[in-house]
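One chain, subunit A, appears in both complexes that follow, with subunit B as partner in the first and subunit C in the second.
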Partner chain A sequence: MTRVGAAVAVLLVVLAALAAYPLVGTGYGVRAMLQLFMWIALAASWNLISGLTGYVSFGHVAFFGAGAYATGILVSTAGWPWPPAALAGGVAGAALAFLIGVPCLRLKGPYFAIAMLGLNEVLRALISYFEGLTGGGNGLSLPTLQATTPVYYAMGLTALLVVALTHAVITSRFGLRLMTIREDEVAAEAMGIDTFRHKLYAFLLSAVGPGIVGGLAARDQGYIEPMSVFPLATTITMIVMVLFGGKGTVWGPVLGAVVLFVFQEAVWARFIYLHQLLFGAIIVAVVLLMPRGVLGLLQMRYRLPRTI
Partner chain B sequence: MPLLEIARVRKHFGGVTAVNDVSLALEPGRIYGLIGPNGSGKTTLFNCITGLERPDAGTIVFDGQRIDGRKPNRIARRGIGRTFQVIRVFPELTALENLVVVTRGARAEAEARAVELLRLVKLERLAGEFAGNLSYGQQKLVEFVRVLMPDPSLILLDEPAAGVNRTLLNDLLQAVARLRDRGKTVLLVEHDMKVVMGLCETVFVLDHGDKIAEGPPGAIQSDERVIEAYFGR
Partner chain C sequence: MAVALTPAMLGQVVVSGLLAGALYAMVALGLALIFGVMRVINIAHGPMLMLGAYTTWLLFDRFGMNPYLTLPVSAAAMFVLGALLQRTLVFRVVDAPELSSLLLTFGVSIALVNVAQLLFTSDLRSVEFLTGSIALGPIAISKSRAIACAFAAAITGLAFLFLQHTKLGKAIRATSQSREVALVCGIDVQRIHLIAFGLASALAACGGTLVAVMVAIQPEMGQIWTFKSFLVIVLGGAGNYPGALLGGLLLGLVEQLASLFLTTQLSEAVAYVLLVLALLVRPSGLLGGRQT
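Here is the complex of A and B:
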């Protein structure tokens, strides 16, 4: 109990420090932390579907983009304030996940991965096509607004909620059932688990966070266009963060996001050309040396509880 | 009324007829054996019963309701549990989680029941170990007790004795006999004839997808068609 108490205390101190940070931090610092929160929310969301069920989503940035456009349109055309518009971005993400999940989650692993890759490209094309609503290739501008600090808090809260959701899922039997799909889908079915329904629920949950975060990012940047909100690189980054930290764990995505984000910021600033090469090298090293990620490795060696 | 009634079930794979017009009925509270040479259609028949394969023809009625062509998870929840010839535990779930995951209702109750079942096969000390780290025989036992977790009325066991050492095997056979005594119905595929003869009340024999014999173990052993199927003419 004391160990749990200590962990909770540390967590509260970190949260308090993060809450106070905008009062003392520089503009660059606040903006960087805001992005870190975004990556935590994205990585943790990807982990909910792909880390737990093993169904690799290669197009998860589609939900980010859908959220960004839903929010962007609601703010710039319908005149909504950004907080409810960002929540609507989450709804848009979930709605898209439902439309895609119902047919695609019946496909087995690798086919699902390819279908998701296609989805992202289709969405990008659709956004460009419906110019009247989305501004097409010219992009969409949101009314100017200085909101970095409120967006910082909103982004942080979203990241916190996604991690809390992950904790709730992984420590529940629902979470264990999701893992049985990754471990052996046929056996799961034979044991009475409705694998399709479980995959769909996980997929819906995994799309809400990216939708909200996409909306918040749109508000923060003030301008979105198809190339900037649907980059495949964003999905790849989420995947690498989760693989590095430990897929299927609560804190793995957080650890991966923090380490890789700090690394990227540090290296990118110094070696502008080298950083992509180094990032690629990390991917290869992680996959070869610790396919389970840092926490996965510790989990196997020391039998950590699922709450890690 | 039989618990399970299979009527003229047929299943093809391309040009191969894996199960050919097989009919059989299982009465509640009995242990049945399903034997036959490799490739005679035993596992395919299991797959048809549990919904992993859809029969091309015929009907399967369980507990008064048609189940052929239903989804596996639906059939399982009606009360049919099975193990697999090749072990299918969930390796990165602990032994305890392997059992708890297939239950609904209060979790504390499920965990208590899971521990009790692990004790039955003397694995309670390994409850917290990942199933993938257990030995082959231990994994087999985890799979066996996992089937019992949802308390199914019909239990299909695909080669439960293969790879399990003698001491454990006796425990396992006793456990199967106790299931029968509690009113469960068991259908087991097994190559170990001692197991089949000692445990089963009725034995079905498949050969090239056809049911060639049915009867008490003693009669089956001396049946000419059965001997021919196993040893050739």
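Here is the complex of A and C:
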């Protein structure tokens, strides 16, 4: 029990430090932390569907982009304040997930993965097509607003909530059912689990976070266009972070996001042309050599509880 | 954007659709082969096509080779690369959960794209060899597309003859029907996996060579081919080789038909809607279950 107490104490100290950071941090520092929060929220969201159910989403950035556009349109055209607009971004993400999930998650196998692979391109095309609403290829500008600090808190809160949600799911019966689907879907069905419904719920949950984060990122950057909010690279980064940290765990995505983000800022920025090659190599290496990621290794080695 | 459909336009759609469809069918047959034999969806299938296209561009640009004569070179090169990939990486995940094989081939695919960027830069490359079109009454047929279709049809036909009548082809089909029974019958399943992966990559490379003469070449051109090939095998029925043919032709026709009413920007969305509809209405494919 003391170990749990100590862990909670450490967590509270870290959260307090992060909450106080904008008071002392530099503009660059705050912005970097905001980015880190974004990656934590994205990675943890991807983990909710792919880490827990084993259904790989190769297009999770689609929800990020959908959220960014929903927020952007509501703020610039309808004049909404950005916080409810970002929440609407989350709703947009979930709505899109519903549209894709209903046809694609009914079936077992790779259908879902490939459908997600193509989704990105389609959204990009649609956004360019509906120029009147989205500004098309010219992009969409949000009214100027200096809101880095509020967005910092909003992003941090989103990241925290997605991680808390992951914890709640993993420690619940719902989470156990999801992991049963991952291990053996036929057996899960035989045990009476409505696999389609469970997969769909997990997918909807996993789309809300990226939608909100997309909205917040749109507010923060003040300008969005199809190429910048739907990059395949964002999906790749999410996947690498989760795989590296440990898929199907609560803290694995956080660990992966922190480590890879720091590395990316410190080292890889100079080797930008090798980025994808490196990420590809990490994915291959993790899949073959340590499928449970760093946290999985630690869990086995130090007999840590599965709920970490 | 209402368009009055004249018979000539319809003829144009059918011809263009079949021309494109033959190419889709050939490339998708490769993906279907890997899926049939190994139960692996190879996300790197499209990037293999991209590398095939670059092989052709390189030989054309540096040595002035006739692009159609580079076909055996790019097919052989990708056969070797595919077999190598299977032998070093993919064989380790054949029996693993699907998550592993999808992620592994995804990792390979982004690495290949990056390698192409490093080797050839992201500049658009083109093989300007055969331009212009032939007029067939009111219907215009692009020369490069017609030749691509002829090659694709011939190669696909050969591939079917090979699968149908040679001992190796029969072994491949037997392995896709049941690996265990194939093993019991004395088929070296590991070797079949290797050959199937090589052949599939060679089919993608042939697609790359033929596409190189038609469109601009760039490192990210492959991804959409992975998607479309998958769509084709979903339409035809996963693991169903003749189904891949039908699916390819259908995709070509639907895309061309849609291009009459929509801008080309949306043609990818059309393929997507087709996938979603197919999954909703007939997830087992037009020709139904597995048939090799």
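We take it that the second predicted complex is superposed on the first by the 283 of 308 C-alpha atoms of A that agree within 3 Å, B and C clash if a C-alpha of one lies under 4 Å from a C-alpha of the other, contacts with A are read in each partner's own complex, and residues count from 1 in each chain.
Everything that follows uses one rule, which is that a contact is a pair of C-beta atoms (placed from the backbone, for glycine too) under 8 Å apart; a residue touches a chain by one contact, two chains touch by 3 or more.
Please read all numbers here as calculations on a predicted model, not as lab measurements.
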Contacts of A:288 with subunit B and subunit C, given as first, second, both or neither: second
Touching partner for A:111 - first (subunit B), second (subunit C), both, neither: second
Subunit A residues touched - subunit C or subunit B, whichever exceeds: C
Partner chain(s) touched by A:239 [first = subunit B, second = subunit C, both, neither]: second
First (subunit B), second (subunit C), both or neither touched by A:131: neither
First, second, both or neither for A:280, with subunit B first and subunit C second: second
Partner chain in contact with A:103 - subunit B first, subunit C second, else both or neither: second
First, second, both or neither for A:121, with subunit B first and subunit C second: second
Subunit B versus subunit C as contact partner of A:58, first or second or both or neither: second
Partner chain in contact with A:192 - subunit B first, subunit C second, else both or neither: first
Set of subunit A residues, in rising order, touched by both subunit B and subunit C: 182
Residues on subunit C engaged by subunit A in the complex (per definition of touch): 41, 43, 89, 92-93, 97-100, 102-104, 106-115, 117-118, 223-224, 226-227, 230-231, 234, 238, 263, 265-266, 268-269, 271-272, 275-276, 279-280, 283
In the complex with subunit A, residue positions of subunit B that touch it: 50-52, 71-73, 76-77, 81-82, 84, 88-93, 97, 100-104, 107, 110, 128-130, 146-147, 150
Subunit A to subunit B touching residues, read off their complex: 173, 176-177, 179-180, 182-184, 186-195, 248, 300, 303
Contact set on subunit A toward subunit C in their complex: 50, 54-56, 58, 100, 103-104, 106-107, 109-111, 113-115, 117-119, 121-122, 125-126, 128-129, 182, 232, 236, 239, 243, 273-277, 279-284, 287-288, 291
